[in-house]
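Structures given as C-alpha cells follow.
Paired with chain B in one complex and with chain C in the other, chain A is shared by the two complexes that follow.
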Partner chain A sequence: MTEQRAMRVEVFRCDPSEGVAPHYERYTVEGRPEMRVLDVIRSIYEEQAGDLAFQYACRNGRCGTCGVKVNGTPVLACQERAKATMRIEPLSPFPVLRDLVVDRGEVEQRYLELELTVLREAPHAGSRDAVEPGRAREIGTLGSCISCLICVSACPAVAERPFDGPAFMVQLRRLNRNPADRGPRLRQAVEHGLLECFGCDICTQLCPADISPADVIRGFRRDLVLRPVAHGSRP
Partner chain B sequence: MSEDLVRIERTDVLVAGCGGAGMRAAIEARAKGASVVLLAKGPVRANHTRMSGGRYNVVTGLNPEDSVDHFFRDTITGGADINNQVLARILVEEALDRAYDLESYGLVWERKTPADYLVVGSGGGSRLRTLGSFDEGIGVSEVMLHRSLRDGTVIREFQMLVDVVQDDDRRVVGGLVLDLARGQWVLYKCGALIIATGGTSQLYETNSGPAINTGDGIAIAYRAGAELIDIEHMQFIPIAFVYPPSIKGYTLTEPQQYGMRHFDVKGEPGKLLNTKGERFILKHDPVAREGGTRDVLARAIMLEILEGRGTPEGGVWLEPDSRVFEAFLHERPIYAKRILENYGERAARFEEPFQVMPSALYTTGGVRIDTWGRTTVAGLYAAGEAAGGVHGANRLGGNSMPDIQVFGRRAGLTAAQESLDAAPPSKAAIARAEARARELDAILLRDAGVRPPHVKRQVQRLMWNQVGLVRNGAGLTDALTRIDALRDQVLPSLRVTSRTRVVNREWMEAIELENMLDVAEAMAVAALARTETRGAHYRQDFPTRDDPVWLANLYCRRVSGRPQVEKRPLVTLTATAAPVGAQAAG
Partner chain C sequence: MTTRAAVRLPRDSTRQAEGLLLGEIGRVLNRWSGLVILAFVAVHVVGQAALRVDALYPLLTVAPLLASFQGDAWVRALLFASATYHSLYGARLIALELGARLSQRGSLVTTIAAALAVALREVVVGAWR
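For the complex of A and B:
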C-alpha cells in the first residue's frame, strides 16, 4: 500500500466571469495506485492550484455531484481509479460555471416538469400501500439512480436527437412501476425521446449505481407495443 | 461599495439546508400556503440524508412484541437518559405517520409480503422495529426532492447561508446568503428562517459525512443568540472503512448488521476482534456485546487502537457471519458493492474479517428547539441534525430518519404560520447585513496569509485528537487555547489564491472556518464542563457516569463573544402538564 507513482494530469480550466478562456493546465501528482480521480483533484487543489473549482460531497458514489470526464469518458470522480495519464474535463454538454463545475439548472428544470412524485388517484390512506416484494425491489433499484448525469453525458442519442437522456427514463420508470402512481409516465417517456435511443447500452456500461437504463428503455418500449400511448392513461 | 452589493429577494419561509429535514420542512410550509425558498450550499443532492442507509425506526404494529413505550424507552436508554423526553415521545409517536408520508411521496419500503414491511433490528433496539428501502438514503432524499419541486418550493443551488439578519429586537427577519455560483450576495427577507443545515462531521479528521457539513447553521444560530443543547455529544459510528484514503471514515453501519442479531435480538452480532484475537467488547458490554449502542462500541474500538491492539492501518477486525451474507447483499446492495471494491471479494462475501474504525458521523446535540421547532430566537427555527435534544447523549441507529421527518414537518408547519405576521427588516438591519457582506468580501482582497484548506486540516486534527472519542481536562483546555489562537490570529489572515467570485472554494472554506471554530469552541467548553462519562462523551479523567450530579443537560449560549454553559434539569414527561403531541399549532 505504500508504493507511490507519478501521475500526469491535464485539467480543463475556464472562468467565464473573469474572461479566462477554456484551456488546459498540467500538474504532476504523486500518489498511491489505488487513488481515485477525486483524490487527485483534491490534491491539486490543496497543494498546487487553490483556485481550482471542482465539486464533490460524499466521496462515496451517493451524492452524484462529482461527475467529470476522464480521457473523454464520463465518470464519477470519487469512484474512478486514477490513471497514469489523465485529461480531466467537466461533464458535457452542460454549461460550465468554472473549471470542472457545471450548472445543472436546466436538468433540474426538466425533472421538475416531469412531476416525478407519485400522482395518486386519492390521497394516501395512511396505511400500507400494497406492493409485491419483487416490485418493491425493482422500484428501489430504479430509486438508486443518483442523478449523476454520467449516462446523459455519454449518450450518443442525446447529442444527436431530441432525447432528454437515460436518467430521465429511469425516473419515469420508477414511478411507472409504482402501483399507486397514475401519472402518464409512458406518454411522458415518449414525449421526452424514448424512441430516439439507439440501443447502444453505453448508459448501462457506465452507470455508477449499477442500474440498467437500457433495460428501462426496452421495458418502456415493450409496454408501448402492448398498450398504445394514445390511451393516455398509465399502463 | 455600490448600493447593490446585496440583491434583495423576498419569501415567507427561508429554509437553509436541502437534506431530509429541510425538504420535509419545505413540503409542510408549502402545504400551509407559504412561499418557500430552500437553499442548497452545493448541488441539491449534496446532503447527508442521501449518504445514510435510510434505516427508519418505527412501531408499525407488525411486530406484536413492540410498542411505542418500548421504542421510547430504548431511545431514552440509548441516549444515556438525558434526552428531552417530550421531544423523544413525539418522535416515537409520530414516526409512523411520517413513514406513510414518505410512502406517499414514492418511497417503497422493503416488504415480506405485499402488505407487510420487512422489520429488522438496529443497535440498541430491544425489539425489531427498523424499516428500510433498497435505495436507502438516496431514495429517501430523492422522493422528497421531487415532492418539494412539484409543490412549488423554489430550490436555489450553490447558495450558502452566511448569517441571519436580525431586527433591533433580535427577531430574525432575513438571511444573508452568498450565491457561490455567481459570486453575489443575496438578502432574503423572510418571515421565518429554518436552520436545517445538518451537523458538524467535518470538524473531524476521520468522518463519514458530506464535505459541506461544517456546522454552518448551528454556528449561525449560536451567533444570533440561540441556545445550543448537549453540544458536547458528538456521535462516532463504531465501524467505518479504514482504507483506502478515498473512502476512509465512510460508515459500515453497525456490527449487528453483520450477524444473526439483525434478525433476532437474541442472536449474535458480527464480532469485533483486536490483533490478539480477543473479543474485546466483552470487557465493556458482556450483555449486548457488539449489538449495543454506538457510543459504547465506538469507544471500545478506539481504546483498543489507542492502547496498541489495533492493526498497522489503524483499525480492528470485524468478523461477519457468513450466514447473513445473502440477506446483506439483498438489503444493503450499495454497501456490499463498496466492500467489494475496497476490501476485495472474500471480505465482501463475508468469508474473511475486514478492518473497521470509528468515524465522526452525527452531531447529537445542536440548536435547542421546542416541540414545534422554535429556537430561543424569534423567527428562527431548526430541525434535523442541526437541532439537539431528541437523542440525548447518543442516537440510536435508525432514529435520525424519523427525526428529520417528524421535526422537519413540525418546524415547517410552525414557520409557515408564524411567518405571516412578520414585519420587513429595518434599514439598520439591512445595513448590518451589508456590512457583514463587505467584511467577507475583504477576504478576497488579502495578499498574504494562510490558505483555508490548510487551516481546516489543522482544526480537524485538533478536534479528532482532543475533542473526539477520548477526552480529558488537559486536552480540552489545550484545545480551547488553540481554538482561540486560530480565531484571533489565523482567521483574520486567511487568504485565497484567486479573487474570482465564482465557485471560489477557498472563499467558501474561509467562511466555513469561522463556523467550524465557533462550534468547536462550544463543544470543547461543554465537554470540559461535563466532568463525567456519558453516552458519546468519554472523559479519561472522569471515566464513570455520575447520575447524582450529571443527570442534566448543558445549555450553551454566546455571551460577550464567548460560550457560556449552564446546567439545567432534564425535560421529563412528568414535568409537563400539556399532553405531548396534542398542542396543535393549527
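For the complex of A and C:
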C-alpha cells in the first residue's frame, strides 16, 4: 500500500471580472508524499473546486507556464514537491486575471518592444553564422530561458526600483553575445534597469532553467565599463 | 563565460520553496546594517552639536545620553557589527562584479561571523572596562 498524507492547502482565489475580491480558500488534499504542487492543484480542481483557474502545459519544467508562489517563493508548480502545509498564490507583481492565472500581456509587449531577434547590418546571407564554440554554448544556454517569470517575481529590485527584471536581461544578453546581432542591447539593458539590480542572486537560486541571470547582469555591467562600444552597444 | 553561476548555490529544483533565500537574507541584513550606521551618524552629529553649540545645549537636558551613547558597549557592538557586515557585503558585491567566484553560503556565513565576532569583542571589552 502506498504511503498517503494529508496536505493542508490555502489557494489564492480572485476573479476581477465577476467582482470576487482576493481571498484564500482552504482545501485538504490526500496524496502521496512525492506529489508535485501541480498535482495538488489539479486534484483540487478535479475534486473540490471545478472553477479554479490555473495554467500548465508540459508538466516537466520546460514550458514555464505553471509558475506560482508556494509559501511566498516563486516556483514551477510542476517541479516543486508538495508540502504538508502550503499557501499557493499567483506570481507577483503581475496583474491577476483569475485565481492563479496572471496577465503576461505587458511582459510580452516589452519583449516585442525589445526586438528580440538578431538585428543584422545586412540581410541574412543565407549561410550559417560563424560562432566560436564557447560563445555558441553560452548563447545556447541563455536561449534555454523558458520565460517563466520566476526570476522577475522573486526579484526584490523589480518590486522597489524601475527594473524590468532578470528575464529581460537574459534575453538581451543572448543577443548581445551573438556576433551577428547589431542591436543596441547594452543600451536597451541600461534603459530597462540594468543598474538597478541588487546583486542578491535570488534569480540564480530560483531559475528552473539553471541560468544565472545575476551573472548575466554582471557581464553586462562589466561590458558597460570595459567595452561600451562593442557590437554597437554604446549606451 | 557568463552562464556559469558566479556564486555556487545550494540547489534542489524540487524543493525551492523550502530553502532559505540566502541572497534575500544578505540583502536585508545589508539594508538594516546601513540603516544602523546612518542612525548612529545622525544621532552622533546631533549629540556632538549639542555639546558644542550653545543654542542646542538644552537638548542634553532632555536626552543626556546623546553625548555619551557612543561609549555604551552594546551601541558600539551594534555599530561595529553593522559597519563590518556592510563593508564586507559591499566588498563581496564588488568582487563578484569584477568576476570573482564565491560560494554564496560561504561568503554570507563568513560575513555574518565576522560581524558577530566584532560585536562580541566590543561587548567583552566593554564589560572589562
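To be clear about the criterion, the second predicted complex is superposed on the first by the 226 of 235 C-alpha atoms of A that agree within 3 Å, B and C clash if a C-alpha of one lies under 4 Å from a C-alpha of the other, contacts with A are read in each partner's own complex, and residues count from 1 in each chain.
By our rule, a contact is a pair of C-beta atoms (placed from the backbone, for glycine too) under 8 Å apart; a residue touches a chain by one contact, two chains touch by 3 or more.
On a predicted model such as this, the values are computed, not experimentally measured, just so you know.
J.: Would you mind checking whether chain B and chain C clash or fit side by side on chain A after the superposition?
T.: Fit.
J.: Does the superposition put A:R120 against chain B (first), chain C (second), both, or neither?
T.: It touches chain B, and chain C stays clear.
J.: Looking at A:L91, would you say it contacts chain B, chain C, both, or neither? Reply first, second, both or neither.
T.: neither
J.: Could you let me know whether more residues of chain A are touched by chain B or by chain C?
T.: The partner that reaches more residues of chain A in the superposed model: B.
J.: Per the contact definition in the header, classify A:S212: touching chain B only (first), chain C only (second), both, or neither.
T.: After superposition on chain A, A:S212 lies in contact with chain C alone.
J.: In the overlaid three-chain picture, which partner chain does A:R173 touch, first (chain B) or second (chain C), both, or neither?
T.: Touch status of A:R173: second partner only.
J.: How many degrees, to the nearest 10, separate the directions from chain A's C-alpha centre towards those of chain B and chain C?
T.: Rounded to the nearest ten degrees, it is 160.
J.: Give one of first, second, both or neither to describe whether A:A49 is in contact with chain B, with chain C, with both, or with none.
T.: Only chain B; A:A49 stays clear of chain C.
J.: Touching A:V70, do we find chain B (first), chain C (second), both, or neither?
T.: second
J.: Touch test for A:S17: chain B only (first), chain C only (second), both, or neither?
T.: Once the two structures are laid over each other on A, A:S17 reaches chain B alone.
J.: Using the superposition on chain A described above, determine whether A:R221 touches chain B (first), chain C (second), both, or neither.
T.: In the superposed model, A:R221 contacts chain C only, not chain B.
J.: Applying the touch criterion given at the start, work out whether A:E80 contacts chain B, chain C, both or neither, answering first, second, both or neither.
T.: Only chain C; A:E80 stays clear of chain B.
J.: Just to confirm the geometry: in the superposition, how small does the C-alpha gap between chain B and chain C get, in angstrom?
T.: 8 Å.
J.: Which chain A residues are contacted by chain C in one complex and by chain B in the other?
T.: 36, 61, 79, 137, 141-142.
J.: Quick check on the complex: what are the chain B residues that touch chain A?
T.: Going by the criterion above, the answer is residues 42-47, 50-51, 60, 97, 100-101, 103-117, 133-139, 142-143, 146-147, 149-150, 155, 157-158, 181-183, 210-212, 243-247, 250, 313, 333-334, 337-338, 341, 451, 453-454, 496-498, 500-506.
J.: Spell out the part of chain C that touches chain A in their complex, as residue ranges.
T.: Chain C reaches chain A through residues 1-7, 9, 11, 13-19, 21-24, 26-27, 93, 96-99, 104.
J.: Mind listing the chain A positions that touch chain C in their complex?
T.: Interface residues on the chain A side: 36, 61, 70-73, 75, 79-81, 83, 134, 137-138, 141-142, 154, 156, 173, 177, 198-202, 204-206, 208, 211-212, 214-216, 218-219, 221-222.
J.: What part of chain A is in contact with chain B in the complex they form?
T.: 1, 15-18, 32, 34-36, 38-39, 45-46, 49-65, 78-79, 97-99, 101, 103-105, 108, 111-112, 115-118, 120, 123-124, 126-133, 135-137, 139-147, 171, 174-175, 178, 181, 210
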